[in-house]
Amino acid sequence: MKEYKVIFHIDEMTKWKLLLTNVTNLLNGMHEEQLSVSVLANAEAVRYYDAARNFAAGAKVMESLSQKDVRFLACNNALRAHGITKDAIYQFVEIVPAGVVELVKRQSEGYAYIKP
Amino acid sequence: MKEYKVIFHIDEMTKWKLLLTNVTNLLNGMHEEQLSVSVLANAEAVRYYDAARNFAAGAKVMESLSQKDVRFLACNNALRAHGITKDAIYQFVEIVPAGVVELVKRQSEGYAYIKP
Amino acid sequence: MKEYKVIFHIDEMTKWKLLLTNVTNLLNGMHEEQLSVSVLANAEAVRYYDAARNFAAGAKVMESLSQKDVRFLACNNALRAHGITKDAIYQFVEIVPAGVVELVKRQSEGYAYIKP
């Protein structure tokens, strides 16, 4: 069976609601397929991961998606630039050294790229 | 002869003018090549397809592009979310069950992705 | 050794600062890898290349990146639409006939696509 792989890219705070709807629709639309989904946040979008400041209206949606194996990734350059420590972010978020490196390497591995 | 395949993604109403210019430039620039072009609209961007409400300043451009085999696709999740019925949209628009699924499957088939 | 190839796409003036940070982070994060980076500007974003009008707060960053083999490309359709002549743009900028054609051809050659 073919495995589909997708990386969503988000770098604006205002796009999170749309992105989480996109991911939800994708899981619903491909529940009979092999599917691997990652969400890569860089630039200001990493602020949404800041549990301490509680910006994320969709925190429960994110957590629920993470329980369905959607991986939420944070660019460490962006976390540092916004003064967000590892302890402050949601536990299901994984930190990657550089978001753009992740975007390049994943696409070279056959991931589709979607920027909501 | 190599066949080039492209899917344009649009999810904002304000990007339609730019997108239609992009598609026109692409056809002009590759008229000697084998080229397959689709435009996938999801989120609020599907409102542009609503012939009844006549939002589309570029309706004639779209129709002309569709006659040159550019496929205009609408996400059905988005149509429902915006209360747009199948009867209301331009006849050349095709409905797909979920826009993001289309974006993933097309890229896995070798389509390039462009988000204006 | 695997060679990674990336094309960044920019069509809005407001995204240049973010884009140049992205490219800088990418070079820093992949300095041990074989990496080829292009930046394709179309639509209004080509105005940033206009040395005569001096819009580019990041002109020195661009020049420094170009010395590290990052290629800055300008869509000729967009240059014409904005009345920018070949003489007016920075010397390190290369002109391509149509930006979208470049985006399609590069992706068909295995380039990753990133839209900041």
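Going by the order they are written in, the chains are A, B and C; count residues from 1 in each one.
Operating definition for what follows: contacts are C-beta pairs under 8 Å (C-beta built on N, C-alpha and C of every residue); 3 or more make two chains touch, one makes a residue touch a chain.
Note that the structure is predicted; figures quoted are calculated from it, not measured.
K.L.:
Between 0 and 180 degrees, and as a multiple of 5, what angle does the rotation take that fits chain B onto chain C by Cα atoms?
P.N.:
Going from chain B to chain C via C-alpha fit gives 120 degrees.
K.L.:
Is it true that over half of the residue numbers where chain A touches chain C are used by both copies, so same, or is it different?
P.N.:
Different; most numbers are used by only one of chain A and chain C.
K.L.:
Can you work out the whole-Å distance between the CA centroids of chain A and chain C?
P.N.:
Going by mean C-alpha positions, chain A sits 25 Å from chain C.
K.L.:
So which stretches of chain A touch two or more other chains?
P.N.:
In chain A, residues 113, 115 touch at least two other chains, as defined above.
K.L.:
Can you list the chain B residues touching chain A in their complex?
P.N.:
9, 11, 42-43, 75, 77, 97-101, 103-105, 107-108, 113, 115
K.L.:
For chain A, which residues count as touching chain B in their complex?
P.N.:
Interface residues on the chain A side: 2, 4, 6, 18, 21-23, 25-26, 28-30, 110, 112-116.
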